[in-house]
Amino acid sequence: MRARTIRELASLVGGEVDGDGSLEISGVSGLEAAQPGQLSFYGNQRYKAQLAATKASAVLVADGAPPRGSRTHVRVTNPHLAFARVAQVFHPKKAHPPGRSTEASIHPEAQVDATATVMAHAYVGKGATVAARAVLYPGAYVGDGARVGEDTVLSPNAAVMDRCVVGARCLLHAGAVIGADGFGFALDLSVPEHVKIPQAGIARVEDDVEVGACSCVDRATTGETVIGKGTKIDNLVQVGHNSVVGPLSILCAQAGLSGTTTLGQGVVLAGQVGVAGHLRIGDLAKVGAQAGVMHDVADGATVLGAPAMPHKDFLRAAAVFARLPELSKELRELKKRLEALEKERT
Amino acid sequence: MRARTIRELASLVGGEVDGDGSLEISGVSGLEAAQPGQLSFYGNQRYKAQLAATKASAVLVADGAPPRGSRTHVRVTNPHLAFARVAQVFHPKKAHPPGRSTEASIHPEAQVDATATVMAHAYVGKGATVAARAVLYPGAYVGDGARVGEDTVLSPNAAVMDRCVVGARCLLHAGAVIGADGFGFALDLSVPEHVKIPQAGIARVEDDVEVGACSCVDRATTGETVIGKGTKIDNLVQVGHNSVVGPLSILCAQAGLSGTTTLGQGVVLAGQVGVAGHLRIGDLAKVGAQAGVMHDVADGATVLGAPAMPHKDFLRAAAVFARLPELSKELRELKKRLEALEKERT
Amino acid sequence: MRARTIRELASLVGGEVDGDGSLEISGVSGLEAAQPGQLSFYGNQRYKAQLAATKASAVLVADGAPPRGSRTHVRVTNPHLAFARVAQVFHPKKAHPPGRSTEASIHPEAQVDATATVMAHAYVGKGATVAARAVLYPGAYVGDGARVGEDTVLSPNAAVMDRCVVGARCLLHAGAVIGADGFGFALDLSVPEHVKIPQAGIARVEDDVEVGACSCVDRATTGETVIGKGTKIDNLVQVGHNSVVGPLSILCAQAGLSGTTTLGQGVVLAGQVGVAGHLRIGDLAKVGAQAGVMHDVADGATVLGAPAMPHKDFLRAAAVFARLPELSKELRELKKRLEALEKERT
């Protein structure tokens, strides 16, 4: 990757150079790991010491950052975001030569765009479509009638099951599964057996979605399970059948959604969160790590705990929880002292 | 799929027609999504409004349902179960042409039934057997000496490791792993190193079991890890080595069993439950979502919380938990008032 | 496997024979399952009854074990460890004939040692190296520039992504993913979109590591995510980007590490533990099942609960938690009685 001047990079992110705009930058890194010739960013006062000590030649900063000293600063509104944009310049997406490996298996009735890349041991089923510039890594599976959008990447062993739809510019990481059967059974006690309810719907992943390694988005019983445009899903996440995840949401690792739950837009589920079925999590709601959500969550609310409650209430209650043995002891003592008083009185 | 008359469908599920038995039904759907020509079901008073508003031509109902109005009802004992049976009529299992893809890899000493389907990039090891009408999707793996029963389906990239056994009519979803090594090590401080305890046993999955996407059933150290007949396992579930899951159990997504734990029959583990090792969970026990089970659970018990306790006890305690800061404050006040009284007395 | 005399086996583990050293042993098993001709071990007084009843011909025991009766004992310092060593004798690692399947896909610029085994449908990318005696099972994926060390095994559908490094004698179970992108985005509200922060670093797995089925070790944003030498990771575990797991640690099933968290050496995370980002878990620290770690943990500490606290504190507090409704009631009663006293006084 060729070097860029600070001036070029500042212009890219709409920033203002404070220092030497002709400096050549050859890469990006965090404050601690950065080397001379690299650009870093400072987005949080917590890292003041690291800012002072960094070897980076230049740093993206917001208003209110410490004075730059001899280092070059680029002032931007959002240093983290500007860093992301600059990092993409130095680390562009991997290019893949278009074409089909002779070791891939593509059904004669599938439609694979000539600009798509289909690597060895990938599989495309009957009636499936793979759009322009899509990439299927080894072991990727596109089921019968499934659709993979433009520029979408299926990493090794990622699977899009029959008739499911993945939009454009999506990234499915290794082992991700889109459209496994929803988990639905009806108990027949007379046999006894759990009778399978056919999962006849699909899973639909909209544009610009990322689905983490070994994450699962189940197909709907009827209709669709939906992952909204621009939502990002981390590894080992479960999205149950008929759930609808709004656009621009963030689902961190090992979070799980039961069936028929709706997330608004811009929702954040932290790691290992569990959400019960048939709920609505409002727009911009935040659910803290390991929370267990049993009831609807209002727009903009931040909840925590299991069962989940307003974030601050949980923190206050949790602080008392740790003192429970002490409280219990105090209560016993008060009781004794009260009994003593009561006795005296008689 | 051809249409069926209400009369045919009612007969299939042992129901009684209340209305027009000659109506033609072409599919099934939930109350809200149903269209004219479709059959739906009403199994819970919560959905009374949806029943009133549905466009379905006919609805499966139980005794005590509201009067049918102009719509046709089919009275059955268990509407949900009847719905499952009817849905199977309209959504039969996908048929697979028997035969082996030339792109599959089958060991010459494997026994694959002529009616089985082995798709491209599937693998069958030495001495393995694949029974009649079994289906191996692309990337499915059947290890040396492993056995896959009749009509069992291995979805893309599902793996049955060496010598493990999967019964008849099972469905392993994409990425499911049967028989990875149990997690067993002995610490040798003198090196230091964690010395691997060979996992020489197997995992055995009995008939009619479903294992979700990316779920793992580990092989036993010696002997067998067992998933009992008719048990259904959701996605991302972990079953540790030497555990025995009784028949007809339900393990919801992201639940985890440590090693050497026994589940009775008809046990339900809700999502993200964790169960410690060397325990017994009794027949028909229910463990609520995210519970952490540290002790045996009695037959028929319902537990919740971490550590798990009787369900009602947990709900009561959790209700007080949210009020802990308030309780703590009250306690401090009582103490002051008591001290005041005590002072007066002296 | 040929039989061995007790004398041979005792010598192997540095033990002392108490009984018949010429006995022939043909295998190992737990106390309950053991048959005549087998060796078992007794490492915990909990299993005294099983020791008395075992059919094993000989048992590995520590000092202080009950007298041997007619059975042969082998006295060792650590019976569990000795059992592991003996079990490895009877269950050696599976041997694989070296060579490349014609159905594997190996880039012409990859370097695969002649003694390595590359099975059907495995893939090795451009510039990747696969060292001596390594084994790639069907569906295993080694990305461009990735490195797989000597004697390391990639089970079916395990993936080592571009440029990542796996050391010697490692075992990646089925579906394990080393080096999927870390989960990093910056929100651009002006679009709005989550802008991907390129994950330009790698994941590095040191020697003698085991990674469980469907477990994920994400690549770093810049620099390295590291799994230290001799660490063992169970199934469905998530290790976030830029985390560093010290040597000889144990991560049990479904545990999750957020990003940029450091584990010392010999750390144990029990099942379903969650650890927040940017923390340090000290050497030899133990984190109990389902704990949620929000703060640094000191060397040697044992913590439990969510938020995590010292293990004993949690157990004490949890014991009171179950009695909260009772405490709340007592508090109300005390209040009434106090009010009564206060009234009398006036």
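Brief remarks on what is shown
Order of writing sets the labels: A, B and C. Residues in every chain begin at 1.
In this section, a contact is a pair of C-beta atoms (placed from the backbone, for glycine too) under 8 Å apart; a residue touches a chain by one contact, two chains touch by 3 or more.
Since we're looking at a predicted model, the values are computed, not measured.
Residue numbering at the chain B/chain C interface overlaps only partly, since under half of the positions present are found in both copies. Simply put, chain A must spin 120° to overlay its Cα atoms on chain C, rounded in steps of 5. Taking each chain's centre as the average of its CA atoms, chain B and chain C sit 25 Å apart.
Shown for chain A are the residues that touch two or more other chains, namely 103, 121, 139, 157, 175, 214, 236, 254, 272, 290, 306, 321, 323-324, 327, 331, 334, 338, 341. Interface residues of chain C facing chain A in the complex, by the touch rule stated above, are 103, 105, 121, 123, 139, 141, 143, 157, 159, 161-162, 175, 177, 180-181, 183-188, 192-198, 200, 214, 216, 218, 221-223, 236, 238, 240, 254, 256, 258, 272, 274, 276, 290, 292, 306-307, 309, 313, 316-317, 319-321, 323-324, 327, 330-331, 334, 337-338, 341, 344.
Across the interface of their complex, chain C is touched by residues 28-30, 33, 78, 80-81, 83-85, 87-88, 90-91, 94, 101, 103, 119-121, 137-139, 155-157, 171, 173-175, 208, 210, 212-214, 230, 232, 234-236, 248, 250, 252-254, 266, 271-272, 289-290, 306, 318, 321-325, 327-328, 331, 334-335, 338, 341-342, 345 of chain A.
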